[in-house]
Amino acid sequence: MQDFIFKYEMEVRDYECDFQGVVNNSVYQNYLEHTRHEYIKTIGLDAVELSNNGINLMVTRVEIDYKSSLRSGDKFVSVLKMKRISPLRFGFVQNIYRLPDEKLVIKALVTGTSVNERGRPELPEELIKVWGLD
Amino acid sequence: MQDFIFKYEMEVRDYECDFQGVVNNSVYQNYLEHTRHEYIKTIGLDAVELSNNGINLMVTRVEIDYKSSLRSGDKFVSVLKMKRISPLRFGFVQNIYRLPDEKLVIKALVTGTSVNERGRPELPEELIKVWGLD
Amino acid sequence: MQDFIFKYEMEVRDYECDFQGVVNNSVYQNYLEHTRHEYIKTIGLDAVELSNNGINLMVTRVEIDYKSSLRSGDKFVSVLKMKRISPLRFGFVQNIYRLPDEKLVIKALVTGTSVNERGRPELPEELIKVWGLD
Amino acid sequence: MQDFIFKYEMEVRDYECDFQGVVNNSVYQNYLEHTRHEYIKTIGLDAVELSNNGINLMVTRVEIDYKSSLRSGDKFVSVLKMKRISPLRFGFVQNIYRLPDEKLVIKALVTGTSVNERGRPELPEELIKVWGLD
């Protein structure tokens, strides 16, 4: 877990669990999205504000491996690091570990880009700087 | 806010906001449910465990007044107190206030009961004790 | 069921069911909202379009009685009629019945208003006409 | 679209759209799951019933390419075909197309397995037959 640059702790809420008593698969994408948005706030960006200013952060691809399940009341940590994919695409390497035993729950690679009002790729300065994409 | 017996802080997540940029109405019910479940944990009960043992906590009625909206990134506190409704029905008086200005967002009264495997009302001991329903 | 002016059939999806195997309480609000939005389309309005034009339909209060539960795969019909509440507030009387036995699942009264960009109540013409609020 | 064995039509609901006015990424996983569950019903299986009998269908990996967005009110068709991955793992090849123009929205490969009460892989007969996994 050491080489991740951002760590965010959360806890499963009962309404996120499905008829099998475990967190529903789609909910993990909410956890992953929330983690990314919290991370980009730490570099001075806000997904909703960007959207209001005509810049939409967009996910173009996700790969998620479900390694084990979270259940009601479980605490977990969602971690993230960046990976350069192409000049206009950035990758979020995202894992989720159950706490306190740090059992791996989710291994994900989320590829994103940033699009302006005309639908053209346009990366905010802050992203370019922090992700070294120039 | 003084006479509430339980207070729980949360923060809006972007995926909870709808096309109007505010938290979707149905999401507040998730917040309220999560608050109730966290509260009953403090009196030694667990909604999911109870359900596995054949006791289902059931909501029979909700009344929610939407007084103002929460937006992306807003912090808020969800507070709760109990109100006796009938020998077999208990009421949760639940408010949500935005932080830090404590603006009232939600005023709710949630009526619940507890039902055993045969569908008959059966209140767990802990509920009767803490809610003084005997 | 005869005096309702709008009827909309749906089916429970598995991901809408919670750890108790029944549709989660908050999901019914999604069903009710979707029914209202489908209804107002039939009178020539679109909630998302209105919102883009600065008019937000807002719910100010809901009262929901949960009479019985829907389970995975259940079909149901969501019905609606209007009720005048005040010159600037309109009420949706909304019931949900399981199909095919028409068992009552939900009885709800949803109070709404319509607000312009300055936050002032402003009802679209179409609403006034159809709901006889003038 | 011809070689898909199952096609299921749906329509975007407003509450599924996020602050960017488009269907939230995680909602597509709900659409994909619902499509799989509807498909397996056509071969005589029911995900919730199986779960009650101790057999859990589990997703072990998803790959989703987001090719374009769905918006409020859009109709779409969710299509599916099977792909053998290994003796104990089956793949669902799933695409989503907007209607009526059949613009590609989602391209996904969802890998699943089926696990019994002791956590061991156990495929129901019906799956083996229809998917030719024996």
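Chains here go by letter, A, B, C and D, matching the order in which they are written, and residues are numbered from 1 within each.
Heads up, the rule we're going with is that contacts are C-beta pairs under 8 Å (C-beta built on N, C-alpha and C of every residue); 3 or more make two chains touch, one makes a residue touch a chain.
Quick caveat, the model's predicted, so the values are computed rather than measured.
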Chain labels contacting chain C and also chain D: A, B
Of all other chains, the one whose Cα centre sits farthest from chain A: C
Euclidean distance of C-alpha centroids - chain A vs chain B, Å: 29
Euclidean distance of C-alpha centroids - chain A vs chain C, Å: 33
Whole-Å gap separating chain B and chain C, where each centre is the average of the chain's CA atoms: 22
Junction residues of chain B - those touching two or more other chains: 14-15, 17, 19, 21, 26, 30, 33, 48, 72
Sites on chain B touched by chain A in the complex: 13-15, 17, 21, 30, 33-34, 37, 41, 46-48, 52, 71-73
Complex interface listing, chain A residues touching chain C: 14-15, 17-19, 21, 24, 26, 72
Chain B partner contacts - residues on chain C that touch it in the complex: 19-20, 25-27, 29-30, 33, 48, 51, 56, 58-66
